[in-house]
């Protein structure tokens, strides 16, 4: 028999008796007026890196796309379904967000797969293999750096991939134009699951640094 | 000058001085051992419906895909990038989740666009138009029900779309096989932003009901 | 007129009226019995990374070689002067240290020079060019990783160079034999000048990690 | 199992909770702007004679080479690795130090080896033997002074060697030219471990004297 998981149901009851009580007026207002988030976050599906948790954000604050390894594909105006491009278009054109954050994290399973040239497909469809194939040009450059340890290559690609996604964001005409007009800013960040540290990308150099205390 | 948003930085500092302090051991353990979430949630990008908030869940609990209108496309093993299928494959084959939840919500902008036959493309790429086109066969049936009010058609499509995504989940061989073996369960839920209510889909009938208190 | 710098003289007077007063018995004993340090540190000349400061160590604790970029050359039993090899031999064979630490640091000027293929010689003798040429085989691999930022390549080589020096330590028969007998251990560490953080090399993987609090 | 020494880890924690707290702004500034030390110190590896301790100096003050017996070899622009010459070149040409101090000390093990004509090689490579061989011409003259006690010969060579290193410093064209222009000064000092006394070389006569109080 199909049964809704108790852990979800109990969590939902905690929400209703806790945070919802505090913020019921805000939820009602957000339902009436619609959402007006200022930030689009492109994050990973990973269970340890939820943006709302890391940024302690409440309802209405973050419009969030989550896919494996927080990737942004390049602009491809063909006839296909593009989950990430659709969310990007909606956030920028309809919600008029002012900031887009690509947020990666340590120990990312997708990045790990992208670095493993011998990875077996997880299923005959090989969806992960194809999805992470988006990083192939940059992943190969990192794989070639054999002098680095595996963990160092992983961290390098996690960060290179964020820069790569930001480059891809700029292939979308609407993003590029609004950035040139100063109406939208693109950001990168990387979250260290183990220590809870957030490393922020310097827009000028591409380097990741922890914010000063 | 590009500047990381203060609201995010302040939120992050709240996280570090609050929830992270409480759960630092858990974060460290999750970094060491890797994630082992039991649940895949397919949710909407909407800023008012974050699964971690609604299910009051901590790090390591939910593997979360978020796209506009929480859609699952049908199985298409072609050469394209498929964000949602890749995440599904990873969750089922690699993480071996035991439950998949498709979670919709009220006042969904994507569903609203799918019901508007005169919707203008948001950009020349028309990514939202194409993405929501995935619902065209069912959206047309709802549009034809002119006896319903607009709000009723919206709520109807929000729920029909959840059932449609669950049907599409079963086109993935790995999901169908594991469901038949009783090793995975598929769930639907719908969240009422205004009242904070969670409505759970009855697997047998497809009806949505509030859980008893 | 040649004049001994006041800043050194004043510093020396601080030492005499401060730390020396506290530790005069220890200095006297160390003069009588000779030094018996347990640790050889191979560190950089950099003015921001003195081992005695970073390890808060007192007289008699650390036997310290300092050269540009904390390099260990490979074993070369020829007729030349080998400052580092001589210190290594003395520490291991005569002082019988139990631990050897190669300690690098961030923003190292020597490493920076090793990564710059167009660096001009600092003088006709080009001593820095030749000295850092010891890293040429590994530096070239890092230079090739053009997908990394300059700061990322710098940090990568700072760490690769530590591992390289540890590899070179093992080319010295006395080190290799004592390590095999379990009488000596080799360590790597990297110091972040800006934040004061010490990152310790995992001997098994070569990765650098901060010690847990 | 390889284990980072607790004594170093505890010392580092003392540094972080003590001196680093006081000087974190200085460390950050030194990381941002780079080091600008005014003094190059050529000192011995001996664990009882760390220049930063004896001159009570903070981060950024001293650029420090340490080799066995604080030797400076003569200028040899060949193809070899020269640790000390490379550091000298870097300090003078790149950092533009204004003072170079050769600092010896009492009871120096390297000097003691240089005075022992029957010293056995410490290892087949005989690196110490070759390194101290740099002093052979002056050591033989001291050995011949049989009227002196062994301790007197030791102290004599410790001081002769400092003068010899200063002579060698002047074989480097960049040092000689800058000294002639009055832009760099060369100093000698000798540290008495037992009493904590610093003896400073008189540049005109070569004599070592204690500074007046």
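In order of appearance the chains are A, B, C and D, and numbering begins at 1 in each one.
Please note the rule applied: a residue touches a chain if its C-beta (ideal position, glycine included) is under 8 Å from a C-beta of that chain, and two chains touch if they have at least 3 such contacts.
Quick caveat, the model's predicted, so the values are computed rather than measured.
One inter-chain figure worth recording: chain B and chain C are separated by 53 Å, centre to centre, where each centre is the mean of the chain's CA atoms. Separating the centre of chain A from that of chain C, both taken as means of CA atoms, is a distance of 40 Å.
Work out the mean CA point of chain A and of chain B, and you get 15 Å between them. For chain C, the set of residues that touch two or more other chains comprises 195. Viewed as a contact network, the protein chains form an open path, each link joining two chains that touch. Under the contact rule defined at the top, the touching pairs of chains are A-B, A-C, C-D. Residues 138, 141-142, 144-152, 156, 159-160, 195, 205-207, 210 of chain A touch chain C in their complex. Here chain C touches chain D in the complex through residues 2-5, 7-9, 11-12, 14-16, 18-20, 24, 27-28, 30-32, 34-35, 37-39, 45-50, 52-68, 71, 73, 75, 77, 79-91, 93-94, 99, 101, 106-107, 109-110, 122-128, 130-134, 172-174, 185-187, 189, 192-196, 198, 200, 203-204, 211, going by the rule given at the top.
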